[in-house]
(Lines give C-alpha, C1' and ligand atoms only; values in the text may rest on other atoms or scores of the structure.)
Protein backbone atom coordinates (compact mmCIF):
# COMPACT_ATOMS: atom_id res chain seq x y z
CA UNK A 1 0.00 0.00 0.00
CA UNK A 2 1.20 3.49 -0.79
CA UNK A 3 -0.38 6.91 -1.05
CA UNK A 4 -0.07 7.08 -4.84
CA UNK A 5 -2.22 4.01 -5.43
CA UNK A 6 -4.43 3.80 -2.36
CA UNK A 7 -7.84 5.44 -2.25
CA UNK A 8 -9.26 6.97 0.90
CA UNK A 9 -12.12 4.51 0.49
CA UNK A 10 -9.74 1.55 0.69
CA UNK A 11 -8.28 2.88 3.96
CA UNK A 12 -11.78 3.44 5.33
CA UNK A 13 -12.71 -0.16 4.57
CA UNK A 14 -9.53 -1.42 6.23
CA UNK A 15 -10.55 0.42 9.40
CA UNK A 16 -14.22 -0.60 9.18
CA UNK A 17 -13.22 -4.27 8.85
CA UNK A 18 -10.85 -4.08 11.80
CA UNK A 19 -13.54 -2.55 14.00
CA UNK A 20 -16.32 -4.87 12.80
CA UNK A 21 -14.28 -8.05 13.38
CA UNK A 22 -13.84 -7.00 17.02
CA UNK A 23 -17.43 -5.73 17.34
CA UNK A 24 -16.10 -2.41 18.60
CA UNK A 25 -18.75 -0.25 16.92
CA UNK A 26 -20.58 0.40 20.22
CA UNK A 27 -17.42 2.05 21.61
CA UNK A 28 -16.77 3.96 18.41
CA UNK A 29 -19.33 6.68 18.79
CA UNK A 30 -18.57 10.17 17.51
CA UNK A 31 -17.79 11.58 20.97
CA UNK A 32 -15.30 8.84 21.83
CA UNK A 33 -13.65 9.00 18.42
CA UNK A 34 -13.25 12.77 18.55
CA UNK A 35 -11.56 12.39 21.95
CA UNK A 36 -9.40 9.58 20.53
CA UNK A 37 -8.15 11.82 17.71
CA UNK A 38 -7.23 14.44 20.33
CA UNK A 39 -5.49 11.86 22.52
CA UNK A 40 -3.36 10.57 19.65
CA UNK A 41 -2.63 14.13 18.48
CA UNK A 42 -1.28 14.86 21.96
CA UNK A 43 0.99 11.81 21.74
CA UNK A 44 2.32 13.15 18.46
CA UNK A 45 2.92 16.59 20.03
CA UNK A 46 4.86 14.96 22.84
CA UNK A 47 7.70 14.21 20.42
CA UNK A 48 8.23 17.94 19.92
CA UNK A 49 7.20 19.11 23.41
CA UNK A 50 10.42 20.79 24.52
CA UNK A 51 12.12 21.39 21.18
CA UNK A 52 12.64 24.93 19.99
CA UNK A 53 11.76 25.65 16.36
CA UNK A 54 15.46 25.58 15.46
CA UNK A 55 15.94 22.12 16.98
CA UNK A 56 13.35 20.23 14.94
CA UNK A 57 15.88 18.90 12.46
CA UNK A 58 17.18 16.70 15.31
CA UNK A 59 14.08 14.54 14.97
CA UNK A 60 14.65 14.03 11.24
CA UNK A 61 18.00 12.40 12.02
CA UNK A 62 16.64 10.05 14.71
CA UNK A 63 15.25 6.81 13.18
CA UNK A 64 13.67 5.66 16.47
CA UNK A 65 11.81 8.95 16.93
CA UNK A 66 10.77 8.91 13.26
CA UNK A 67 9.32 5.42 13.63
CA UNK A 68 7.31 6.46 16.67
CA UNK A 69 6.09 9.62 14.95
CA UNK A 70 5.00 7.56 11.95
CA UNK A 71 3.03 5.26 14.29
CA UNK A 72 1.38 8.20 16.07
CA UNK A 73 0.35 9.73 12.74
CA UNK A 74 -1.09 6.33 11.76
CA UNK A 75 -3.09 6.25 15.01
CA UNK A 76 -4.54 9.70 14.34
CA UNK A 77 -5.37 8.68 10.77
CA UNK A 78 -7.06 5.49 12.01
CA UNK A 79 -9.42 7.48 14.21
CA UNK A 80 -10.07 10.13 11.55
CA UNK A 81 -11.12 7.36 9.16
CA UNK A 82 -13.21 5.67 11.87
CA UNK A 83 -14.90 8.97 12.63
CA UNK A 84 -15.70 9.37 8.93
CA UNK A 85 -17.12 5.83 8.97
CA UNK A 86 -19.17 6.41 12.14
CA UNK A 87 -20.68 9.68 10.84
CA UNK A 88 -20.78 8.66 7.17
CA UNK A 89 -18.71 11.64 6.02
CA UNK A 90 -16.93 11.58 2.66
CA UNK A 91 -13.48 12.87 3.62
CA UNK A 92 -12.30 13.76 0.12
CA UNK A 93 -15.27 15.97 -0.70
CA UNK A 94 -15.28 17.44 2.83
CA UNK A 95 -11.63 18.40 2.39
CA UNK A 96 -12.06 19.73 -1.15
CA UNK A 97 -14.95 21.94 -0.05
CA UNK A 98 -13.17 23.19 3.06
CA UNK A 99 -10.03 24.04 1.08
CA UNK A 100 -12.18 25.94 -1.47
CA UNK A 101 -13.51 28.04 1.46
CA UNK A 102 -9.96 28.51 2.76
CA UNK A 103 -8.77 29.60 -0.69
CA UNK A 104 -11.34 32.44 -0.57
CA UNK A 105 -10.50 33.29 3.03
CA UNK A 106 -6.76 33.36 2.35
CA UNK A 107 -6.28 34.77 -1.19
CA UNK A 108 -2.76 34.12 -2.43
CA UNK A 109 -1.81 37.76 -3.10
CA UNK A 110 -2.80 38.94 0.37
CA UNK A 111 -1.50 36.01 2.41
CA UNK A 112 1.77 35.11 0.75
CA UNK A 113 4.16 34.29 3.59
CA UNK A 114 1.76 35.50 6.26
CA UNK A 115 -1.42 34.56 8.14
CA UNK A 116 -2.79 37.93 9.23
CA UNK B 1 -13.92 14.20 -5.50
CA UNK B 2 -15.03 11.27 -3.39
CA UNK B 3 -13.37 8.67 -1.21
CA UNK B 4 -13.97 5.81 -3.65
CA UNK B 5 -11.98 7.43 -6.45
CA UNK B 6 -9.55 9.72 -4.67
CA UNK B 7 -6.09 8.56 -3.69
CA UNK B 8 -4.38 9.75 -0.53
CA UNK B 9 -1.63 11.05 -2.81
CA UNK B 10 -4.09 13.29 -4.65
CA UNK B 11 -5.25 14.81 -1.35
CA UNK B 12 -1.65 15.29 -0.27
CA UNK B 13 -0.88 17.18 -3.48
CA UNK B 14 -3.97 19.37 -3.01
CA UNK B 15 -2.63 20.37 0.42
CA UNK B 16 0.95 20.78 -0.77
CA UNK B 17 -0.18 23.10 -3.59
CA UNK B 18 -2.30 25.18 -1.23
CA UNK B 19 0.59 25.64 1.17
CA UNK B 20 3.19 26.26 -1.56
CA UNK B 21 1.10 28.94 -3.32
CA UNK B 22 0.99 30.87 -0.04
CA UNK B 23 4.62 30.11 0.84
CA UNK B 24 3.49 28.79 4.20
CA UNK B 25 6.09 26.00 4.43
CA UNK B 26 8.19 27.90 7.02
CA UNK B 27 5.21 27.89 9.40
CA UNK B 28 4.37 24.28 8.65
CA UNK B 29 7.07 22.60 10.70
CA UNK B 30 6.32 19.30 12.44
CA UNK B 31 5.86 20.88 15.87
CA UNK B 32 3.35 23.47 14.65
CA UNK B 33 1.44 20.92 12.56
CA UNK B 34 1.17 18.44 15.44
CA UNK B 35 -0.26 21.25 17.60
CA UNK B 36 -2.59 22.20 14.76
CA UNK B 37 -3.99 18.68 14.56
CA UNK B 38 -4.62 18.81 18.32
CA UNK B 39 -6.26 22.24 18.07
CA UNK B 40 -8.65 21.10 15.35
CA UNK B 41 -9.36 17.84 17.19
CA UNK B 42 -10.41 19.91 20.20
CA UNK B 43 -12.78 21.92 18.01
CA UNK B 44 -14.32 18.65 16.85
CA UNK B 45 -14.68 17.46 20.47
CA UNK B 46 -16.45 20.68 21.33
CA UNK B 47 -19.50 19.53 19.37
CA UNK B 48 -19.95 16.62 21.78
CA UNK B 49 -18.61 18.33 24.92
CA UNK B 50 -21.69 18.09 27.14
CA UNK B 51 -23.62 15.31 25.45
CA UNK B 52 -24.12 12.03 27.25
CA UNK B 53 -23.49 8.87 25.25
CA UNK B 54 -27.25 8.38 24.85
CA UNK B 55 -27.73 11.88 23.39
CA UNK B 56 -25.35 11.59 20.44
CA UNK B 57 -28.12 10.78 17.97
CA UNK B 58 -29.28 14.40 18.41
CA UNK B 59 -26.29 15.54 16.39
CA UNK B 60 -27.15 13.22 13.49
CA UNK B 61 -30.49 15.01 13.12
CA UNK B 62 -29.00 18.52 13.14
CA UNK B 63 -27.82 19.59 9.63
CA UNK B 64 -26.05 22.72 10.92
CA UNK B 65 -24.05 20.73 13.48
CA UNK B 66 -23.30 18.06 10.87
CA UNK B 67 -21.93 20.67 8.46
CA UNK B 68 -19.67 22.12 11.15
CA UNK B 69 -18.47 18.65 12.18
CA UNK B 70 -17.68 17.85 8.55
CA UNK B 71 -15.63 21.06 8.33
CA UNK B 72 -13.75 20.28 11.53
CA UNK B 73 -12.94 16.78 10.31
CA UNK B 74 -11.68 18.34 7.07
CA UNK B 75 -9.44 20.71 9.06
CA UNK B 76 -7.93 17.80 11.00
CA UNK B 77 -7.41 15.88 7.75
CA UNK B 78 -5.74 18.90 6.14
CA UNK B 79 -3.15 19.06 8.92
CA UNK B 80 -2.62 15.29 8.98
CA UNK B 81 -1.85 15.42 5.25
CA UNK B 82 0.38 18.47 5.70
CA UNK B 83 2.24 16.71 8.49
CA UNK B 84 2.76 13.70 6.20
CA UNK B 85 4.05 16.13 3.55
CA UNK B 86 6.37 17.94 5.97
CA UNK B 87 7.87 14.72 7.34
CA UNK B 88 7.66 12.75 4.09
CA UNK B 89 5.60 9.93 5.64
CA UNK B 90 3.55 7.60 3.43
CA UNK B 91 0.24 7.52 5.29
CA UNK B 92 -1.17 4.41 3.64
CA UNK B 93 1.79 2.20 4.46
CA UNK B 94 2.14 3.74 7.94
CA UNK B 95 -1.51 2.91 8.62
CA UNK B 96 -1.31 -0.60 7.14
CA UNK B 97 1.73 -1.41 9.26
CA UNK B 98 0.24 0.04 12.45
CA UNK B 99 -3.00 -1.88 11.95
CA UNK B 100 -1.01 -5.08 11.43
CA UNK B 101 0.62 -4.45 14.83
CA UNK B 102 -2.81 -3.72 16.34
CA UNK B 103 -4.21 -6.94 14.89
CA UNK B 104 -1.55 -8.85 16.81
CA UNK B 105 -2.08 -6.81 19.96
CA UNK B 106 -5.86 -7.25 19.84
CA UNK B 107 -6.56 -10.76 18.49
CA UNK B 108 -10.17 -11.10 17.45
CA UNK B 109 -11.08 -14.04 19.70
CA UNK B 110 -9.77 -12.38 22.83
CA UNK B 111 -11.01 -8.84 22.22
CA UNK B 112 -14.43 -9.31 20.68
CA UNK B 113 -16.62 -6.62 22.23
CA UNK B 114 -13.97 -5.59 24.75
CA UNK B 115 -10.70 -3.68 25.09
CA UNK B 116 -9.14 -5.24 28.16
CA UNK C 1 -0.52 20.55 52.22
CA UNK C 2 -4.24 20.69 51.55
CA UNK C 3 -6.58 22.89 49.53
CA UNK C 4 -8.14 24.52 52.62
CA UNK C 5 -4.85 25.95 53.86
CA UNK C 6 -2.73 26.27 50.73
CA UNK C 7 -2.68 29.46 48.72
CA UNK C 8 -2.31 29.47 44.95
CA UNK C 9 0.80 31.55 45.49
CA UNK C 10 2.39 28.81 47.59
CA UNK C 11 1.78 26.25 44.82
CA UNK C 12 3.21 28.67 42.25
CA UNK C 13 6.39 29.06 44.31
CA UNK C 14 6.70 25.29 44.66
CA UNK C 15 6.64 25.00 40.86
CA UNK C 16 8.94 27.98 40.30
CA UNK C 17 11.51 26.52 42.70
CA UNK C 18 11.38 23.11 41.03
CA UNK C 19 11.93 24.64 37.60
CA UNK C 20 14.62 27.08 38.77
CA UNK C 21 16.67 24.38 40.54
CA UNK C 22 16.83 22.48 37.25
CA UNK C 23 17.34 25.62 35.15
CA UNK C 24 14.43 24.59 32.97
CA UNK C 25 13.12 28.12 32.36
CA UNK C 26 14.44 28.20 28.76
CA UNK C 27 12.22 25.21 27.91
CA UNK C 28 9.26 26.63 29.79
CA UNK C 29 8.14 29.21 27.27
CA UNK C 30 4.44 29.93 26.85
CA UNK C 31 4.11 27.89 23.64
CA UNK C 32 5.69 24.77 25.14
CA UNK C 33 3.72 25.08 28.37
CA UNK C 34 0.40 25.48 26.56
CA UNK C 35 1.19 22.31 24.58
CA UNK C 36 2.19 20.58 27.82
CA UNK C 37 -1.17 21.38 29.42
CA UNK C 38 -2.87 19.89 26.36
CA UNK C 39 -0.66 16.79 26.45
CA UNK C 40 -1.43 16.11 30.09
CA UNK C 41 -5.13 16.83 29.56
CA UNK C 42 -5.13 14.15 26.86
CA UNK C 43 -3.55 11.69 29.28
CA UNK C 44 -6.35 12.44 31.73
CA UNK C 45 -8.98 11.91 28.99
CA UNK C 46 -7.44 8.56 28.19
CA UNK C 47 -8.80 7.16 31.46
CA UNK C 48 -12.34 7.77 30.22
CA UNK C 49 -11.72 7.19 26.49
CA UNK C 50 -14.10 4.27 25.88
CA UNK C 51 -16.44 4.60 28.85
CA UNK C 52 -20.06 5.51 28.26
CA UNK C 53 -21.54 8.17 30.53
CA UNK C 54 -23.30 5.47 32.55
CA UNK C 55 -20.06 3.58 33.19
CA UNK C 56 -18.09 6.38 34.85
CA UNK C 57 -18.85 5.15 38.37
CA UNK C 58 -16.56 2.18 37.61
CA UNK C 59 -13.56 4.50 37.86
CA UNK C 60 -14.62 5.73 41.30
CA UNK C 61 -14.36 2.17 42.61
CA UNK C 62 -10.91 1.50 41.13
CA UNK C 63 -8.11 2.73 43.47
CA UNK C 64 -5.38 2.19 40.84
CA UNK C 65 -7.23 4.25 38.23
CA UNK C 66 -8.02 6.91 40.86
CA UNK C 67 -4.34 7.21 41.77
CA UNK C 68 -3.36 7.64 38.13
CA UNK C 69 -6.11 10.20 37.56
CA UNK C 70 -4.93 12.15 40.61
CA UNK C 71 -1.38 12.17 39.18
CA UNK C 72 -2.59 13.33 35.75
CA UNK C 73 -4.58 16.15 37.33
CA UNK C 74 -1.46 17.12 39.28
CA UNK C 75 0.54 17.21 36.03
CA UNK C 76 -2.01 19.51 34.39
CA UNK C 77 -2.01 21.73 37.48
CA UNK C 78 1.80 21.87 37.47
CA UNK C 79 1.84 23.22 33.92
CA UNK C 80 -1.04 25.64 34.56
CA UNK C 81 0.93 27.09 37.48
CA UNK C 82 4.13 27.18 35.42
CA UNK C 83 2.30 28.95 32.62
CA UNK C 84 1.03 31.52 35.13
CA UNK C 85 4.62 31.93 36.33
CA UNK C 86 6.04 32.26 32.81
CA UNK C 87 3.47 34.87 31.75
CA UNK C 88 3.13 36.52 35.17
CA UNK C 89 -0.64 35.97 35.34
CA UNK C 90 -2.46 36.09 38.67
CA UNK C 91 -4.64 32.98 38.44
CA UNK C 92 -7.07 33.90 41.23
CA UNK C 93 -8.00 37.27 39.80
CA UNK C 94 -8.04 35.88 36.24
CA UNK C 95 -10.51 33.21 37.36
CA UNK C 96 -12.65 35.59 39.42
CA UNK C 97 -12.94 37.98 36.47
CA UNK C 98 -13.70 35.23 33.96
CA UNK C 99 -16.36 33.73 36.21
CA UNK C 100 -17.95 37.18 36.60
CA UNK C 101 -18.19 37.34 32.79
CA UNK C 102 -19.62 33.82 32.72
CA UNK C 103 -22.19 34.72 35.35
CA UNK C 104 -23.47 37.45 33.02
CA UNK C 105 -23.33 35.17 29.97
CA UNK C 106 -25.18 32.36 31.76
CA UNK C 107 -27.75 33.98 34.08
CA UNK C 108 -29.09 31.48 36.58
CA UNK C 109 -32.78 31.78 35.67
CA UNK C 110 -32.19 31.20 31.97
CA UNK C 111 -29.56 28.45 32.20
CA UNK C 112 -30.73 26.29 35.08
CA UNK C 113 -30.05 22.71 34.02
CA UNK C 114 -29.18 23.70 30.45
CA UNK C 115 -26.44 25.26 28.34
CA UNK C 116 -28.36 26.62 25.37
CA UNK D 1 -8.67 38.08 44.99
CA UNK D 2 -5.03 37.37 44.34
CA UNK D 3 -2.78 34.34 44.41
CA UNK D 4 -0.93 35.42 47.58
CA UNK D 5 -4.06 35.46 49.71
CA UNK D 6 -6.41 33.02 47.99
CA UNK D 7 -6.51 29.36 48.94
CA UNK D 8 -7.16 26.63 46.39
CA UNK D 9 -10.16 25.69 48.52
CA UNK D 10 -11.67 29.16 48.07
CA UNK D 11 -11.35 28.86 44.29
CA UNK D 12 -12.90 25.39 44.39
CA UNK D 13 -15.89 26.73 46.32
CA UNK D 14 -16.30 29.58 43.83
CA UNK D 15 -16.54 27.00 41.03
CA UNK D 16 -18.77 24.62 43.01
CA UNK D 17 -21.21 27.46 43.77
CA UNK D 18 -21.30 28.57 40.14
CA UNK D 19 -22.08 25.05 38.97
CA UNK D 20 -24.59 24.30 41.74
CA UNK D 21 -26.61 27.50 41.13
CA UNK D 22 -27.08 26.41 37.52
CA UNK D 23 -27.64 22.75 38.41
CA UNK D 24 -24.90 21.77 35.95
CA UNK D 25 -23.54 18.87 38.02
CA UNK D 26 -25.13 16.24 35.72
CA UNK D 27 -23.08 17.60 32.81
CA UNK D 28 -19.93 17.90 34.89
CA UNK D 29 -18.93 14.26 34.96
CA UNK D 30 -15.24 13.33 34.93
CA UNK D 31 -15.23 12.39 31.24
CA UNK D 32 -16.80 15.66 30.11
CA UNK D 33 -14.57 17.75 32.38
CA UNK D 34 -11.39 16.04 31.18
CA UNK D 35 -12.44 16.79 27.59
CA UNK D 36 -13.24 20.38 28.62
CA UNK D 37 -9.75 20.89 30.03
CA UNK D 38 -8.32 19.61 26.73
CA UNK D 39 -10.63 21.86 24.69
CA UNK D 40 -9.60 24.97 26.63
CA UNK D 41 -5.93 23.96 26.51
CA UNK D 42 -6.24 23.83 22.71
CA UNK D 43 -7.70 27.34 22.70
CA UNK D 44 -4.69 28.50 24.69
CA UNK D 45 -2.30 26.78 22.25
CA UNK D 46 -4.01 28.56 19.38
CA UNK D 47 -2.45 31.84 20.49
CA UNK D 48 1.01 30.40 19.80
CA UNK D 49 0.08 28.11 16.90
CA UNK D 50 2.32 29.58 14.18
CA UNK D 51 4.88 31.44 16.25
CA UNK D 52 8.47 30.25 16.25
CA UNK D 53 10.19 30.02 19.62
CA UNK D 54 12.03 33.28 18.90
CA UNK D 55 8.78 35.16 18.20
CA UNK D 56 7.03 34.54 21.51
CA UNK D 57 8.01 37.91 22.95
CA UNK D 58 5.57 39.45 20.44
CA UNK D 59 2.68 38.16 22.52
CA UNK D 60 4.04 39.79 25.69
CA UNK D 61 3.77 43.19 24.00
CA UNK D 62 0.19 42.69 22.77
CA UNK D 63 -2.37 43.65 25.46
CA UNK D 64 -5.32 42.18 23.51
CA UNK D 65 -3.60 38.81 23.09
CA UNK D 66 -2.54 38.88 26.75
CA UNK D 67 -6.12 39.47 27.87
CA UNK D 68 -7.36 36.55 25.77
CA UNK D 69 -4.57 34.30 27.05
CA UNK D 70 -5.45 35.22 30.62
CA UNK D 71 -9.09 34.28 29.93
CA UNK D 72 -8.11 30.95 28.36
CA UNK D 73 -5.91 30.10 31.34
CA UNK D 74 -8.85 30.97 33.63
CA UNK D 75 -11.09 28.61 31.62
CA UNK D 76 -8.59 25.76 31.99
CA UNK D 77 -8.29 26.49 35.71
CA UNK D 78 -12.07 26.51 36.10
CA UNK D 79 -12.33 22.99 34.67
CA UNK D 80 -9.33 21.71 36.63
CA UNK D 81 -11.03 22.90 39.83
CA UNK D 82 -14.39 21.45 38.74
CA UNK D 83 -12.70 18.14 37.98
CA UNK D 84 -11.17 18.17 41.47
CA UNK D 85 -14.64 18.89 42.86
CA UNK D 86 -16.31 16.14 40.81
CA UNK D 87 -13.73 13.51 41.78
CA UNK D 88 -13.09 14.84 45.29
CA UNK D 89 -9.34 15.22 44.72
CA UNK D 90 -7.27 17.52 46.93
CA UNK D 91 -5.21 19.41 44.36
CA UNK D 92 -2.54 20.73 46.73
CA UNK D 93 -1.62 17.35 48.15
CA UNK D 94 -1.90 15.69 44.72
CA UNK D 95 0.56 18.27 43.34
CA UNK D 96 2.93 18.07 46.31
CA UNK D 97 3.09 14.28 46.04
CA UNK D 98 3.55 14.30 42.26
CA UNK D 99 6.34 16.88 42.48
CA UNK D 100 8.05 14.75 45.16
CA UNK D 101 8.01 11.85 42.66
CA UNK D 102 9.30 14.17 39.93
CA UNK D 103 12.11 15.38 42.19
CA UNK D 104 13.29 11.76 42.48
CA UNK D 105 12.83 11.12 38.76
CA UNK D 106 14.72 14.28 37.80
CA UNK D 107 17.51 14.78 40.36
CA UNK D 108 18.95 18.28 40.13
CA UNK D 109 22.57 17.29 39.45
CA UNK D 110 21.68 15.02 36.56
CA UNK D 111 18.99 17.14 34.90
CA UNK D 112 20.29 20.68 35.21
CA UNK D 113 19.44 22.37 31.92
CA UNK D 114 18.33 19.11 30.29
CA UNK D 115 15.48 16.59 30.20
CA UNK D 116 17.18 13.44 29.02
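In order of appearance the chains are A, B, C and D, and numbering begins at 1 in each one.
To be clear about the criterion, a contact is a pair of C-beta atoms (placed from the backbone, for glycine too) under 8 Å apart; a residue touches a chain by one contact, two chains touch by 3 or more.
Model, not experiment: these values are computed from the prediction.
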Between the pairs A-B and A-C, the one where more C-beta pairs touch: A-B
Chain copies touching (chain C, chain D) - same or different residues, decided at half shared: same
Computed distance of Cα centres, chain C from chain A, in Å: 27
Whole-Å separation of chain centres (CA-atom averages), chain A against chain B: 3
Multi-chain contact residues (two or more partners), chain D: 27, 35, 38, 41-42, 45, 48, 50, 53, 115
Parts of chain D lying in touch with chain C, wherever the complex brings them together: 1-9, 11-12, 14-15, 18, 21-24, 26-27, 29-31, 34-35, 37-38, 41-42, 44-45, 47-48, 51, 53, 56, 59-60, 66, 69-71, 73-78, 80-81, 83-84, 87, 89-99, 101-103, 106, 108, 111-113, 115
Chain A-facing residues of chain C, complex: 27, 32, 35-36, 38-39, 41-43, 45-46, 48-50
For the chain A and chain D complex, residues of the former touching the latter: 35, 38, 42, 50, 52-54, 115
